[in-house]
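Each chain gets a letter, A, B, C and D, in the order it is written, and its residues are counted from 1.
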Amino acid sequence: MAGSTLGTIFKISTWGESHGKAVGVVIDGCPAGLELSESDIQPFLNRRKPGQSIYSTPRKEDDTVEILSGVFEGKTTGTPISMIVYNKTQQSKDYSEIASYYRPGHADYTFDAKYGFRDYRGGGRSSGRETIARVAAGAVAVKILNGLGISFTTYTRSIGSIEIDDSNFDENEILNNQIYMPDSEAAKKAGEYIIEMTKNHDSVGGCVEAVIKGVPAGLGDTVFEKLDANLAKAIMSIGAVKSVEIGDGSRVSKMTGSEDNDGFKIDQDNKIAKCSNHAGGILGGMSDGSDIILRASFKATPSILKTQHTVNKNDEEIEISIKGRHDPVIVPRAVVVVESMAAITLLDALLLNMSATMNNLSKFYNR
Amino acid sequence: MAGSTLGTIFKISTWGESHGKAVGVVIDGCPAGLELSESDIQPFLNRRKPGQSIYSTPRKEDDTVEILSGVFEGKTTGTPISMIVYNKTQQSKDYSEIASYYRPGHADYTFDAKYGFRDYRGGGRSSGRETIARVAAGAVAVKILNGLGISFTTYTRSIGSIEIDDSNFDENEILNNQIYMPDSEAAKKAGEYIIEMTKNHDSVGGCVEAVIKGVPAGLGDTVFEKLDANLAKAIMSIGAVKSVEIGDGSRVSKMTGSEDNDGFKIDQDNKIAKCSNHAGGILGGMSDGSDIILRASFKATPSILKTQHTVNKNDEEIEISIKGRHDPVIVPRAVVVVESMAAITLLDALLLNMSATMNNLSKFYNR
Amino acid sequence: MAGSTLGTIFKISTWGESHGKAVGVVIDGCPAGLELSESDIQPFLNRRKPGQSIYSTPRKEDDTVEILSGVFEGKTTGTPISMIVYNKTQQSKDYSEIASYYRPGHADYTFDAKYGFRDYRGGGRSSGRETIARVAAGAVAVKILNGLGISFTTYTRSIGSIEIDDSNFDENEILNNQIYMPDSEAAKKAGEYIIEMTKNHDSVGGCVEAVIKGVPAGLGDTVFEKLDANLAKAIMSIGAVKSVEIGDGSRVSKMTGSEDNDGFKIDQDNKIAKCSNHAGGILGGMSDGSDIILRASFKATPSILKTQHTVNKNDEEIEISIKGRHDPVIVPRAVVVVESMAAITLLDALLLNMSATMNNLSKFYNR
Amino acid sequence: MAGSTLGTIFKISTWGESHGKAVGVVIDGCPAGLELSESDIQPFLNRRKPGQSIYSTPRKEDDTVEILSGVFEGKTTGTPISMIVYNKTQQSKDYSEIASYYRPGHADYTFDAKYGFRDYRGGGRSSGRETIARVAAGAVAVKILNGLGISFTTYTRSIGSIEIDDSNFDENEILNNQIYMPDSEAAKKAGEYIIEMTKNHDSVGGCVEAVIKGVPAGLGDTVFEKLDANLAKAIMSIGAVKSVEIGDGSRVSKMTGSEDNDGFKIDQDNKIAKCSNHAGGILGGMSDGSDIILRASFKATPSILKTQHTVNKNDEEIEISIKGRHDPVIVPRAVVVVESMAAITLLDALLLNMSATMNNLSKFYNR
């Protein structure tokens, strides 16, 4: 089954395993005429690179992207953009132990159940390295959307029980700390918590939040292709995500209609606007012109040094301890992945929206 | 843009507005040879019908389904199954008021923003009546899955702050109370809360949970077509849903790896099984053989009698009070919608999985 | 497998069997704001109705279309347009004979091979009645395209060996004769030939040609989604079509480059144009601004009175003679089906083309 | 718009321009467990390589394929297979002339019309080099199909007016001559004709035919996803193809029902078979168990030395003569491209067919 392709007009196909030769992505359907070079992509990849923080694995990955097609004289041509990142620093180590049992919280067992065998080197296709391809495509989507006045603010909302204080929110702080939190105080506490859990041979989870500003009203559709539905798919497709929320999210189940409904008003520019934004920028599956707000909850890194119970290839129950260079928390590195998946989804909705009305057709084709 | 079609092999296309002539669905790709008649569909539609409970609108909708194609001599033929439900009891009332302003929490404004105008009669395509088509298709999916030993238990987990007590969980109780809760005590309290809020001219939200048993391991894919990603899309595409959770859901953000990971063991049938199920039956995007567990949070019904602030067609700010027969809570009627969307998604993954390996091909085509 | 859905933005799903309750189509993705009523659809259905010509079956089919959704106050709303045509005049005759053997040239055998059984009443889903749904959708596509200055001239090019003489081509003649030929002389001869073959208890084939004027240059894509590739699929998907040709078609295999290449010139309006049109209006998969020209070859009606050799359910070889009201030629009634499929394909390409460049995006979203 | 992706389960995405860094393909959805290495792909690429024949361009292209992902320990893993062929021998020549005008018969004009500019180096994405990616994917599809007993015989049927004599048909001869004709006599004449036309500074067209044996009955669907419809799309999507025919193809328009219908019989193995094969192995859109026969007509190479009339960038009419290393005929090198596209299409239909019936589901999932 074809599971590595996403999108209708802006369609991406990713490929590659963590310990294969390379990982990559083909973007089919990028509009022609976008100025694009590797320098647009690399900063996004750098945001997800390991080895830059005391909270991420010390292994260095030299993730340098190369554009192989679809760009001519500095501009996209409308043909597929193929991008590749070679897996340069993978160690040719001994995987026989990891091949011999099922790691709890990983896809080892389900891969075997589906296919009868698996690429056991470092997670194979289920590795976090797969997200390199998503981020490379996301960088292109973000560039296009930025050009249309749409901006992304994505950050770590919480690590374990340590959550940012919205009254301390400082966007400029996000890239100032290694947790990518917009609240230096919370970031400090979160860092201490991570170090504590690492000492415990354990790992921690957390929550990423994205705020998207400048989205025109009317993107998305009414039934299955709701903008929030496609965002939910895109975000839930990131490994380790176990919940997706839009706006007030799961809190709405405890709210009344009068608490949750956003009234409408005439704003200072004499335009219709909402008085509040419990809806998170989406009403009836379509963007409403307010900020789009979404959250993803990530589970803790499943690879831990702590002893775990599992089963080996001989159907024997065993105790294991997973060694190696694993992040004690994946949340900070996942921030740019969430942003990328949101941007890819939003751009596709934006392109699809162009043909929604007869008025648009008539204008476009000059009749 | 085409937003009312879902699925790859088991593909459904729904149509119809709340106050048009009818609503319906075309199922394209249903396997041939399934015994099917209206009597398989009608009980599902009855579970979402209004007017059966003191907590739903008193209006009676006579939602009788008719199969128009795809069934011959009592069996599906492999060709599209078209089903229709006529809108018999819609009142030809005056919609001029509703047409004149934007109801908070509804899609009125976004429809106008996208298309320049809207079908303002009772919500049009964004009405809850649209889910009739989903449920009719879901009934077919559930029947096929049941035949393969896969069963669904779907219920109201909470209404407002009133949640079921898992130690009181009684599956048989679900259809015994008008809230569809598996806990009679909680159902009673929830009922009282709904009545109280109705007296306040307000409405309430809640949470629906589905537990799917008997799912073989290996359904779903590794990257974008993860089983949980597609479930998230399908569930988030239901109107009023603002969060989707799998297994421990948003709680994982506060858990450590050692708390969240499910160890593996050899069970009493000498098969590999998980020691716990924090993952909710899905690992790396593929079913792991445990129960699949998902939750959806529904916001409160946006139509309330309480005074709300909004804007009218003349760009004037006004105060409104929405009269009419509206459910004070949509959660109980949404239970079968969640079950239907989960079943449609799961069946598609199950059909796609058949061609995943060369072994399967060789067996199927006898080589 | 889902085989009755076509298109990316303008997506149609058809359903219904010849002797079921009805046939129909759901159009998902029609732009909002198109004035539409049954009176736009019915004339197209009338062009394919039987019983209007001495060369078609004398059975009368009262094919009256009803729009069930997607239109409000006379305009499309952007939501799915569901259209239905009831099968009113199907006789409840005895099909036991036809059920007992495989008719040569029909899908009886392949249906059984695929599904293990079939709806044997009058061809079921493989009946020509299935094209009603295509034509209803085609009428919508043609209306949109006409509004953009794109027009269709579709006609019978040949019946058996009798072909129109291009020097006699008269567009106004097409609807003047029952063969839909733009050459009254050829139409007369073709009519005589059909009558002769009918007396022989035989049937005849022929060729349909479509000329599409006013297509802007640049529709279609460069690789798999070439405009001609999608036209080939759409036309070949019509029952009884065995070849599809674009422009000079199969003749190009005998031509040299200097004969086949169309030079460019500056036309009287100071625009770039082609000196000739061997290419049939498509270069490199994209429309080139010239007339799009395509041809489809239809085989003779497979149901004939003449004795044929076949096999029955008991695996016995038998001789059969197929009685009943069958057209001696399907070509004239297929003209509007070819036009419809071409229009559906072209419209989808035209809608997809709107998001092809950054310039378009910037203009559309005002940046 | 996304035009470089094809297929539903076996889905391919191609990328790359003739004078970019590389061309490649991602196969998403290849069944797991197929033994695969570059040595399975390279022989197919060699069949389309230039410089091997006196009738093809003397330029040498060192088209060496490398598998970058999706294969582990010699077997496909079910994850995307990424393959790359570097463009090693493209000369960094001066393209300013070709950039300055529209070559007749090429996509130069339509590219500019669609996108406003183009990659003018050697045809860019519209170059014949794009078919490398198709052939690499086709080699995988053919390997899978061969393993199921399905075989392909693909060859040049005609060059200009020189057609093979079916009574001389010798499959072993195909790879014995540089025209890939199964008739040495015809091959000799065709070679002489090509040389003559080359001396005339002209080029020639021709026809490719494929015969596919061993296809089980029942592949393909009844309406839009007819096997012949998808074959028509796949074949017509190859550059320079202007007609696609199945079985008797365009000749059916001149045949009567009694001539064209294939009767059924009981064959020597006591199985149902057809008495003839005018249908070319497909009835009602589904394979009928006979050989599938299809033909594609290719136009002559548009790049010719002969003087041609065209328009330059300054909207001036000019005379041009296209120099460079161009094949005088593309047909022999296109043989393997036709085979590849047919195999890709057939495999997708074969995979989709596995979930067509409840019987299959029950057997597969053991209920």
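Operating definition for what follows: contacts are C-beta pairs under 8 Å (C-beta built on N, C-alpha and C of every residue); 3 or more make two chains touch, one makes a residue touch a chain.
Predicted, not measured: the structure shown is a model, and the values here were computed from it.
> Please identify which chain has its centre, taken as the mean of its CA atoms, farthest from the centre of chain B.
Result for max centroid distance from chain B is chain D.
> Please tell me whether C-D or B-C has the greater number of C-beta pairs in contact.
C-D
> Between chain C and chain D, what distance separates the C-alpha centroids? Give it in angstrom.
26
> Hey, how far is the Cα centre of chain B from the one of chain D, in Å?
Centres of chain B and chain D (C-alpha means) sit 45 Å apart.
> Report the inter-chain centroid distance for chain B and chain C in whole angstrom, where each centroid is the mean of the CA atoms.
Distance between chain centres, rounded to whole Å: 38 Å.
> Counting only residues that touch at least two other chains, what does the list for chain B look like?
Residues 1-5, 8-9, 14, 32-33, 78-79, 114-116, 125, 216, 222, 352, 355-357, 359 of chain B touch two or more partner chains.
> Would you tell me which residues of chain A are touching chain B in their complex?
My answer: residues 1-6, 14, 102, 104-107, 109-111, 113-116, 125-126, 130, 158, 160-161, 197, 200, 202-207, 216-226, 228-237, 239, 242-266, 270, 272, 275, 279-280, 283-289, 297-304, 306, 308-311, 315-317, 352-353, 355-357, 359.
> Please name which positions on chain B make contact with chain D in the complex.
Contacts found on chain B: 8-9, 31-34, 76, 78-79, 144, 147-149, 216, 222, 350-352, 354-362, 364-365, 367.
> For chain B, which residues are in contact with chain C within the complex?
Listed in rising order, the residues are 1-5, 7-11, 13-17, 20-24, 26, 28-29, 32-33, 66, 68-70, 72, 75, 77-82, 84, 114-119, 121, 124-125.
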